[in-house]
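Chains: A, B, C, D and E, in written order; residue numbering restarts at 1 for each.
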Amino acid sequence: MSLLEVSDIVVRFGGVTALDEASFTIDEGQICGLIGPNGAGKTTLFNVISRLYTADSGSVRFGEHDVLATPPHKIAGIGIARTFQNLGLFPTNTVLQNVMIGAHHRTKTEFLQAMFRTPAARREERETRELAIEILNDLNLAHVANSPAAGLPYGTLKRIELARAVAADSKLLMLDEPASGLTHSEVEELGETIRLLRDRYDLTVLLVEHHMAMVMSVSDKVVALDFGRKIAEGTPSEVQNDPAVIEAYLGVEAS
Amino acid sequence: MSLLEVNNLVAGYGMVQVLNGISLSVEDGEVAVVLGANGAGKTTTLRALTGMIKTSGSVLFEGEEMVGKKTDQIVRRRIAHVPQGRGTVAQMDVDENLDLGAYIRTDKAGIAADKQKMFELFPRLAERRKQSAGSLSGGEQQMLAIARALMMSPRLLLLDEPSLGLAPLIIRSVFDTLRQINTEFGTTMLVVEQNANLALSIAKTAFVLETGDIVAGGSAEQIAADDTIRKAYLGI
Amino acid sequence: MTKFFQLVIAGIEIGSIYALVALAIVIIYASTGLKNLAQGEMAMFSAFIAYQFHAWGLGIWLALILAILTTFVLGMGVQQVVLKPVQDSSLLTVVIVTLGLFLGLNSVAGFIWGYMMLAFPAIFPEGALEIGSVDISYAAIGVFAVLLACAGALFALFQFTKIGLAMRAVAYNKETSMLVGVQVNRVIMVGFGLAASLGAVGGIFAAPKLFLDPFMMLTVLIYALASAAFGGLDSPLGAVIAGLFIGVIENLAGGYIGFIGSDLKIVVPLVIILGTLLFRPQGLLGRKYIPRV
Amino acid sequence: MANTTITRGTSQYRSIVTVGFALLGLVVILLPFVLSGFRTFQFTMALLWALGVLSLNMLTGWSGQISLGHSALFGLGSYTTCILVGTYDWNPLLTIPVAALVTFIFGIMIGIPALRLAGLYLALMTLAIGVAFTPVIRRFKEHTGGSMGISIKKKVFPEEILGLNLDQYLYFLVVIFAVVMFALARNLLKSRVGRAITAMRDNEIPAQTMGIYPARYKTLIFATSSMFAGIAGALYAFVIRFSAPYSFTLTLAIFFLAGLVVGGIGTLAGAVLGGLFIQFVPYYAEEINQGLAGMVFGIIIIIIMVSAPTGVLGLIKKLRARVVTVTDPSVVRH
Amino acid sequence: MRKTTTRRFGAAALALSLVAAACGGDDEADAPAPAPAEEPAEAPAEETGPGGYVWDGTTDDGITDDTLLIGSSGPLSGPASAYSPITQGVGVCADYINGEFGGVTMLDGKTRQIEVEILDDGYSPEQTVENIRRLHEQVGVFATVNVLGTPTNTAIVDIVEDNEVPNILVATGATRWGRDFASGDYAYTMGWQPAYQTEGKIYAAYIADNFPGSTVAILQQNDDYGDDYVSGFEMGIEGTDIEIIAVETYASGDPDVSQQMISLADSGADIFFNVTTPKYAAQAMVSIGSLDWDPIQFLNSVSNSTGTVLIPAAEGGGAVEGVYTAKWAADPTDPALADDPAMIEYRDMWAKYSDLNTDDAFAFFAWNSCMAQKEIFNNIYPTRASLLATVGNMDEINIEVPLVYAENVSTSIGTGDGWPLEAMQVEQYNGGVWEKQGAVVDVDF
């Protein structure tokens, strides 16, 4: 059975239909590329799955969970983590703290335990810290662990966000344009990192990306959207050569 | 001398450098396009040209250096810029948007005449003169944005992805209009576009941008025949 | 019924003052996103300037026109020197800076003109229009007329002039404004001067009724903020309606509801605002802001 | 000057910190024995203001919710103690938990509606609470003494406690509370909860996708901040032995905000500096010009906000960085 | 402020030379009224002072052989700053006494320069606590004078008692200062002006006598000051046929009182009792001018200044003709007193030693208080006990405050009479001047 099943999702903003009965599935362990021209509805779909937007109709199933019936702050709890196109980091917190925040839903310490530093709270804090340090080491970020996130190079920030998403120990990792703003060499490295993380942490990955070379090389499967509709689904090479996709990208031939 | 000559233009946002020193030129009266996938730096290029972001390098417009000037000073050289997402003022009606377009002009009679011309060019806008721009359809908004820019009677028109978010039929009519404007008014244009085939159909010159660098440039036919674009777009 | 109408008229009179200051707040907020907590103190300062011109022997109308012009320039100066550096900073920074301005203006006004109440010359003729048993003072009619005139002038400025067009464009969409050649910073500066002048009108026309002292506008500011929030922080029309509404409601509540009496009068508009904000956070006529992800 | 590097967590760092705290502790303990009663009282007041600033910091500095009504929360604590001791003859120390509870509950009551409001509108709402506090206090004058205020008789405190005079006793009482409250605040800030709250302030929507429930944390930090303000207010009632509406006006709320920005928003030590600022700057601003003290105060606030947004603490850190570089231990796996 | 300049350099210089001469030789027949400085010096050098105080030869803190150190606290900033001339006046007074008389000459025969420490409390009680402690413990004052405000004095009353530093001539009319001083509950804090309650009683009595059977509407500030007036008034009308039919309150800081005035007008009462501070008093009279209501008005003494209240109110279209008030002191803006030598001296001296506005009722308040301070300090031995004995028996010393209705400048502890001033004159405002109505009333508690 597939891990994520998106069925007939419709989202309208005023008169604009951003998603028009979009449907697709991802199997456990897959890396799925989600492509499409600007405005195709990719980020909207992410926002529906992470419950930041409400779908007008359709359903999203994740394992046994009905995603659309889950409140936004519990999405992390059912095992879905994501990154943001324009970085969803916490600039005044240190890198280490950013990653530890990623593990928020896995931990339990509340106000009173925190204030009085109960043994349980201290243990949990130590474990979270160790986990975060391990992830930072995996992503070669240990050297910036104690710097505030604000002011670090963009490529580094992108990786920090990745690290933080990993810290959530989720089953599904949704990456929204992880390559944007990265240099050529960084993009290549990113592809490898995504595969490495998938293997090491048993992840399923849903990847929105414009950098086609990267998407095509890293994905097991690609879904193409245009005007909110799915126009192609298949292996990277199938999708790459799909006429509908080519038209969506390169445009109609001039008459 | 070219109307616009860009040399080694470097630009970006905050810590991120997007353009790594691009060079291109646009001749008077022609339509030039910059193609590239999302994130290649197309929008950044236009924003750099009108001084909306921190920029270094050289931008010569009619032989005059634009780098270091403020946006309103650059615009006053009659460079019109239609930004992505159309750049109309949603809360104002069609008439007011056109008036705003003519902000730097003082010739009242000329403005009125140009406005009339716009309504002839875009009859739909004439019907919706008193509607707020926000209530127009996507295509109409794009038309309004172009009309708004033309109200300046620009020497150079910069267009940022005019096809974005429009249905194929509408896209075609937008490009037809652009071609018409170029032939009728002789307006020089620099269009950045993802929809390569369509853009190339109206262009004389084309450049391909890939992650902040111009990877190909030449006549539109040349570029259309080339496979740089496919590679840049689809990673083939 | 006499009491009722009399209360309504008094409410409109004081409400006109709230509305004028609220208009000033709204104009600045709409064009710059700044909320100026020193708006009331600036208005108070302007009223003192008018007083000073009059004390130097100028006619009252000339004095107030000069004061409004002076305020226009001072407003632009304040924007350039104090607020421009923090324009893009966090809300907290802006709030604190305008509070600093508030303290400073109040203290300087007290230092120059003292804390003793001063009589501000009447601007409108004394006496009242009598309709049945209801007296409508000319001052009340005058202040209300001034509010309408200001709102009308503002409307005309925004609708029919180039600078008005530019100001609206800047308020709605800074980027497009820049791209059509509007000098955004200069427009913001002018907008600030204009708002300061509007506040000045509020302060000056309030002065004969409230009497002039450095604390004259302190509570008025609270009501004006309430009006601005209630009407919608970006809606000039909302500010006018809300200002008048709050003026009338607080008077009726004070006059008729025993428990509230005059003691809790100030609580009434605050409760109304809270209620409004909870159910309609953008205010009566404000636009809803949808955050983008 | 030679720039020394010290690494956190090393024995060198630890010994410096230990010596530093020991010295600070010594100064704090010796202070009331060296200084006069009046000076001791001034430092007690400075600490009370510091606690007020700390409570505002928890709300505004950590979670980004602006409050212009903290004067009311502080006042509520003070009135609770004054009424219980003055009218009902309670033991003063027993009133502190009551004041904490009352303000905590009040904090939840305003924290919940506050959830619906952001930024400016929240500032307006808290301003409304701050402004409404005085008339409400006056309205219920049977209990609050109205504008006359309500006093605690000095007799409820013994002349000498553990060999300390009243000034010294109150000083140490406030010091103990301050140490505990600062420690609790620090623990909270450095915990999962503190991280969640600052994350929400920095970037709320991503925080939500990490499983942070904004409504819960915003309300609870509102209530906790309110409770801290209430405890500070209760202690204030010990020291001043009097509550009147005039003490808890907008001016006090502005002072707290000023203390917050002058000390350094979001930092703990900044709150202490803020408290010292509130206590001692008006005291010396008066010497510059009594009539223009407000202007001096206003100008200081503006200059700090425009030129040193990190506050005095930020400046101190910058100066310190010239002499000593403090680095964090590497977390690289070996 | 500036408009007094000419007078300052013309008339003032002349008057100064006259005063100086008067002090030196007593040979000027037209010398102004203030008490000549040498009088105390001529007093017999026995060791017993007013109130039967016997001096043991000691000197208390704050006094040296040639200085007397006093302090005061009041609102120099903040919403109550209108009162600041009273506080500033303590400093001006010291300059005046030092400048004109070389200081105060106490009963021990030594003449001492007065030094003053004035602190701002912004009308915030905890700041007053700090200020008073600073004055007592850091500065080491002998006494505090004219500390302003009811809540502020309430906050410090225990400290004053503990530290045993007299706090005399407090600038507030709350009833408790006289009562507690007289009863000995708070023996170190003493009032000055007539209690608000006293004044309320005076109006009640006047109304009962002159307007029997009338109905009364009251506008009061919603604080202790307003309550004191109203409770005094209520006590006064007990057993008479006067009836209060409407009471409205306002809070200090409210923008205006229109709504309250409309509600009061709606009651149609015969008499309007205006218990408000100057700004609201003027607003209320302006409201009456514009409303269809024509009551007989009684205006509390807090706001009966011609120049700062009635003339501005009249300019704003207010109904001011025929307003009644009760006065315990003259009004510096009263045109009838323009040529009064005592008033001229006040203006000259205050202009010489300060830049306070001499039209300001609070500046004048400070002058009156200054007259009392001078005589009080001239009639003590350098101890606090002596100070308390003197202020508790002011009838034994000759306090000449020519512009105060001073028939009863007296307090004596133990007789239940704890107010220095409690005589008032009912007056009516007619054609721009206050006219006396009947005799000075001395309300005995």
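Just so it is clear, a residue touches a chain if its C-beta (ideal position, glycine included) is under 8 Å from a C-beta of that chain, and two chains touch if they have at least 3 such contacts.
Nothing here was measured: the structure is a model prediction, and the numbers come from that model.
Averaging Cα atoms per chain gives one point for each, and the point farthest from that of chain D is the centre of B.
More inter-chain C-beta contacts link the pair A-D than the other of D-E and A-D.
Separating the centre of chain A from that of chain B, both taken as means of CA atoms, is a distance of 33 Å. Taking each chain's centre as the average of its CA atoms, chain A and chain E sit 76 Å apart. In this assembly, the C-alpha centroid of chain A lies 48 Å from the C-alpha centroid of chain C.
Remark: chain B and chain D have CA centroids separated by 55 Å (rounded to whole angstrom). Multi-chain contact residues, meaning those touching two or more other chains, occur in chain A at positions 52, 84. Of all residues in chain D, those that touch two or more other chains are 135, 138, 205, 291, 293-294. Multi-chain contact residues of chain C (touching two or more other chains) are listed as 107, 110, 263, 265-266, 293. Across the complex, chain B meets chain A through its residues 14-16, 18, 37-39, 137-138, 161, 163-165, 167-168, 171-172, 194-201, 211, 229-230, 233-236.
Every residue of chain E that touches chain D in the complex is listed here, in rising order: 76-78, 118-120, 122-126, 129-130, 133-134, 136-138, 150-152, 154-155, 158, 162, 174, 222-224, 227, 251. Here chain E touches chain C in the complex through residues 1, 77, 79, 81-85, 222, 248-251, 253-260, 262-263, 265-266, 278-279, 282-283, 286, 289-292, 308-309, 311-313, 315-317, 357, 360, 362, going by the rule given at the top. Chain contact summary for the complex, chain B toward chain C: residues 50, 52, 70-72, 75-76, 80-81, 83, 87-92, 96, 99-101, 103-104, 148, 152. Interface residues of chain A facing chain D in the complex, by the touch rule stated above, are 50, 52, 72-77, 81-82, 84, 88-93, 96-98, 100-102, 104-105, 107, 109-111, 114-117, 121, 124-125, 128, 133-134, 136-137, 142-143, 145-146, 164, 168.
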